[in-house]
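Heads up: the structure comes next, in structure tokens.
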Amino acid sequence: MNGYNFAYLDEQTKRMIRRAILKGVAIPGHQVPFGSREMPLPYGWGTGGIQVTASVLGASDVLKVIDQGADDTTNAVSIRAFFARTAGVQTTTHTGEATIIQTRHRVPEQTLSEGQILVYQVPQPEPLYTLESSRAETRRMHGLAEYGLMHVKLYEDIARFGHVSIAYSYPVMVNARYLMSPSPIPAFDNPKLNMMPALQLFGAGREKRIYAIPPYTAVRSLDFDDHPFRLTRAPHVCALCGSDNTYLDEVVTDDRGGRMFVCSDTDWCEQSRDRRQEAAE
Amino acid sequence: MTGRLLAARGLGLRFGAIAALDGVDGDLWPGEVLAIVGESGSGKTTLLNVLSGAMQPDRGIVTYTDPAGVDHDLHAMPAPQLRALHRSDWGFVRQDPRTALRMGVTAGGNVGERLMASGIRHYGDIRATALDWLQQVEIDPARIDDLPRTFSGGMLQRLQIARTLVTHPRLVFMDEPTGGLDVSVQARLLDLIRGLVARLGIAVVLVTHDIAVARLLAGRIMVMQRGQVVEAGLTDQVLDDPQHPYTQLLVSSVLQA
Amino acid sequence: MAYVAVKGGEQAIAHAHAWLAEQRRGDQAVPELGTDQIEQQLGRAVDRVMAEGSIYDRSLASLAIKQAQGDLVEAAFLLRAYRTTLPRFASSLPVETARMEVARRISAIYKDLPGGQVLGPTYDYTHRLLDFALAANGGATQAAPAMDFPAERLAPVSAILQAEGLIEGDGAPSRAADLTREPLAFPAARSTRLQALARGDEGFLLALGYSTQRGYGSTHPFVGEIRVGTVAVEIEPPELGFAIDIGDITVTECQMVTQFAGSKSEPPQFTRGYGLGFGHCERKAMAMSLVDRAMRAEELGEDCTAPAQDVEFVMYHCDNVEANGFVEHLKLPHYVDFQSELETVRRMRADAARAEAAE
């Protein structure tokens, strides 16, 4: 685009962000402060993810952007258009074809492979923020690995509800050292982070933090020995493709309680429909 | 060092022109209760802060002996180690339980926090221990899932004690633990502390302005005035036969009251 | 199918933007607003957008106001997003407000002082009666009397107190950090705090400053001085080795004289709160100086109990571009997370129903 550098950010800024990313990769799960720039999209709308993507994006990359698992949600469309305009890179909706996938709130159903990068948009990088509001104090807690407080939260949930009631942003321990927020993905997606072959990068623009999970890193959802981490998903199959093990969106079809459940990952759903059709033919 | 928990030598600390600590020595042995008494401004709270590592002295050294018998210069210990010490081998009971408790967390969660911080990951065990401790501090176990804000002042203080003792620390610092409570509530709390400390063999450094509290709980006593220890010894001996005029004054003021 | 309707799509976005442009223009029969008109006639709006947009450019600010339909927070955001792409050639030397060419200077602590009270253009003492003559385009302006600007440079009021040693000094000069380049870390230096406040939302600072007056972190403030006027901006290119003047900007400065305090090393003296902003922004500069002073509570050995004294709280929440983005992001789809919550609530209700049935 006229008057702007490739992928919007100037090269100095990209280098600064890449240094933060490298530090994040070297210390998995540790939040690295970085000089987040103001972006032409509002804070909270993916500015951290966009800066990370812009910094790792090359001319030969193929970019996929999803929001809520779908390629055609408004914000995904807007961010994809942003990079198509400022970097002119090829875009795709197919998970397998993408070299970089920027996501908000989901991990794709399809297993990612080595060489792919998954960039998460993170509204709140601090997993302890509801328990301790001072960032000076939470930094100290991370530094000393003092995470008893997080378990107090889980304890309280079990005492009140019989089980942990955290449905999304479910905290994880990365490489048995740092407590990390996986961003507001549903807890259903948490196991996908563990030993993932792809590189996972997390960008929080407003809070000015970057963190990372290198490929094949152990990521464990917090739990108790006698209350192990459990997945929650709607007990239905996808009305479009018949998948029975994917995360489902609930769609209200009328005002008389009509419901239908469909895959939240639109690319997965289409491919699974294609596979079914091929099998039938 | 031979079995001591803490040894203080030549502690000095000044705030401007005021000497808060002036050449203070002292030892603490396992299982004993040591009371530090004096009027406000005598330096007793400063001494507690220095002994617990919260404050750095200008002069002198505090030596802490860990369970393995290894000596550490307390104020040279790295922050992580000191914080870990305060979560495990040591405890701190504050005058105002609201500053120590998590008021938005249930009684059970408050008692269980130190267990979870020390790595225990079995919910059932944590809960069973919390229930046991509520009983030990005479709180109805049915209150385990209640928030502290529904508790009375005396209950809050007992909850703080349960939360502190749950990891079986060898040493607990107490800063006016019965201050601000009604007399009848105080008596019950003192009884409870005395029983627990004796049964568990915990060493206590107790700061109080109340000679009666010291007499009831402490085996040994240090009387402080203007940053100096003016008299020290067995509690009964010191209080029954005070040698220093300041101690005599303190004791007589209690008798009058 | 209902399912498709849930998703957005490129066309829907394009339509939304077209409607926005049409709405912005309004009735075509009404002449279009020129950015020069905004610059000339909506000067206070331009000033606020420059301050919060953190760039001194009246014409860009006017454009932003036009593009944002007069939504000043949105306009500040437009300026910020533009500003971030600009190369940085140099950092200026500190501007010398003591050498300001003053258009307005008032002090509330001295009845008269060298140079006098200079009211300048102000809404103070106007009666807030709607002037229907303006609506009727009858705003034919009477020529204002020639302003009697003081010819000499006015010494800051703080200097009068300082001469007697009654007020704290300016402190040693230090290189200011730049929070647009470096992430915030705590404890934050006063220069960093002032930068955050200077860029901060006027409404937020006003409310916080007000709260200190109502007992939430009182500082017993007096307006030592407010001055509005132009100052020279100078840079010192390393290859030259001396300062060159690159232009004048209008700024508003407020020095609040506050509660005295003494310490081990300092005798009792008045302390200061400081406010400075682009353009004519008295309300902002005053609020800023109150909050600046409140945030020094810890440094001055006061209790930190009020929101305005909580440095982390103030600094993390004063930026309206950050705040606006994150509040408005709630408009984005959250149905994946909500679905998770739905399932959790359903499970909890099922558990509760089972437990009840079992009893």
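Each chain carries a letter (A, B and C) given by its place in the written order, and its residues are counted from 1.
The definition used in the following text is that contacts are C-beta pairs under 8 Å (C-beta built on N, C-alpha and C of every residue); 3 or more make two chains touch, one makes a residue touch a chain.
In this text the structure is predicted, and so the values were computed from the model without any measurement.
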- line: Taking each chain's centre as the mean of its CA atoms, the one lying farthest from the centre of subunit C is chain B
- prompt: Which chain pair shares more contacting C-beta pairs: A-B, or A-C?
  reply: A-C
- prompt: At what distance in angstrom does the C-alpha mean of subunit B lie from that of subunit A?
  reply: 47
Cα-centroid distance, subunit A relative to subunit C, in whole angstrom: 34
Task: Spell out the part of subunit A that touches subunit B in their complex, as residue ranges.
output: 143-144, 146-149, 151-152, 155-156, 158-160, 223-227
Message: Touching residues of subunit C toward subunit A in the complex: what are they?
response: 2-3, 6-10, 12-13, 77, 80-81, 83-85, 87, 180-187, 312, 316, 321-322, 324-329, 332-337, 339-344, 347-348, 351
- prompt: In their shared complex, at which residues does subunit B touch subunit A?
  reply: 79-80, 83-84, 87, 102, 105-106, 108-109, 112-114, 116-118, 121-124, 126-127, 144-145
Query: Quick one: in the complex, what on subunit A touches subunit C?
result: 4, 8, 10, 33-40, 42-45, 47, 67-70, 72-75, 77-78, 81, 104-106, 123, 133-136, 161-163, 165, 167-169, 184-188, 206, 208-209, 232-234, 240, 247-253, 260, 262, 264
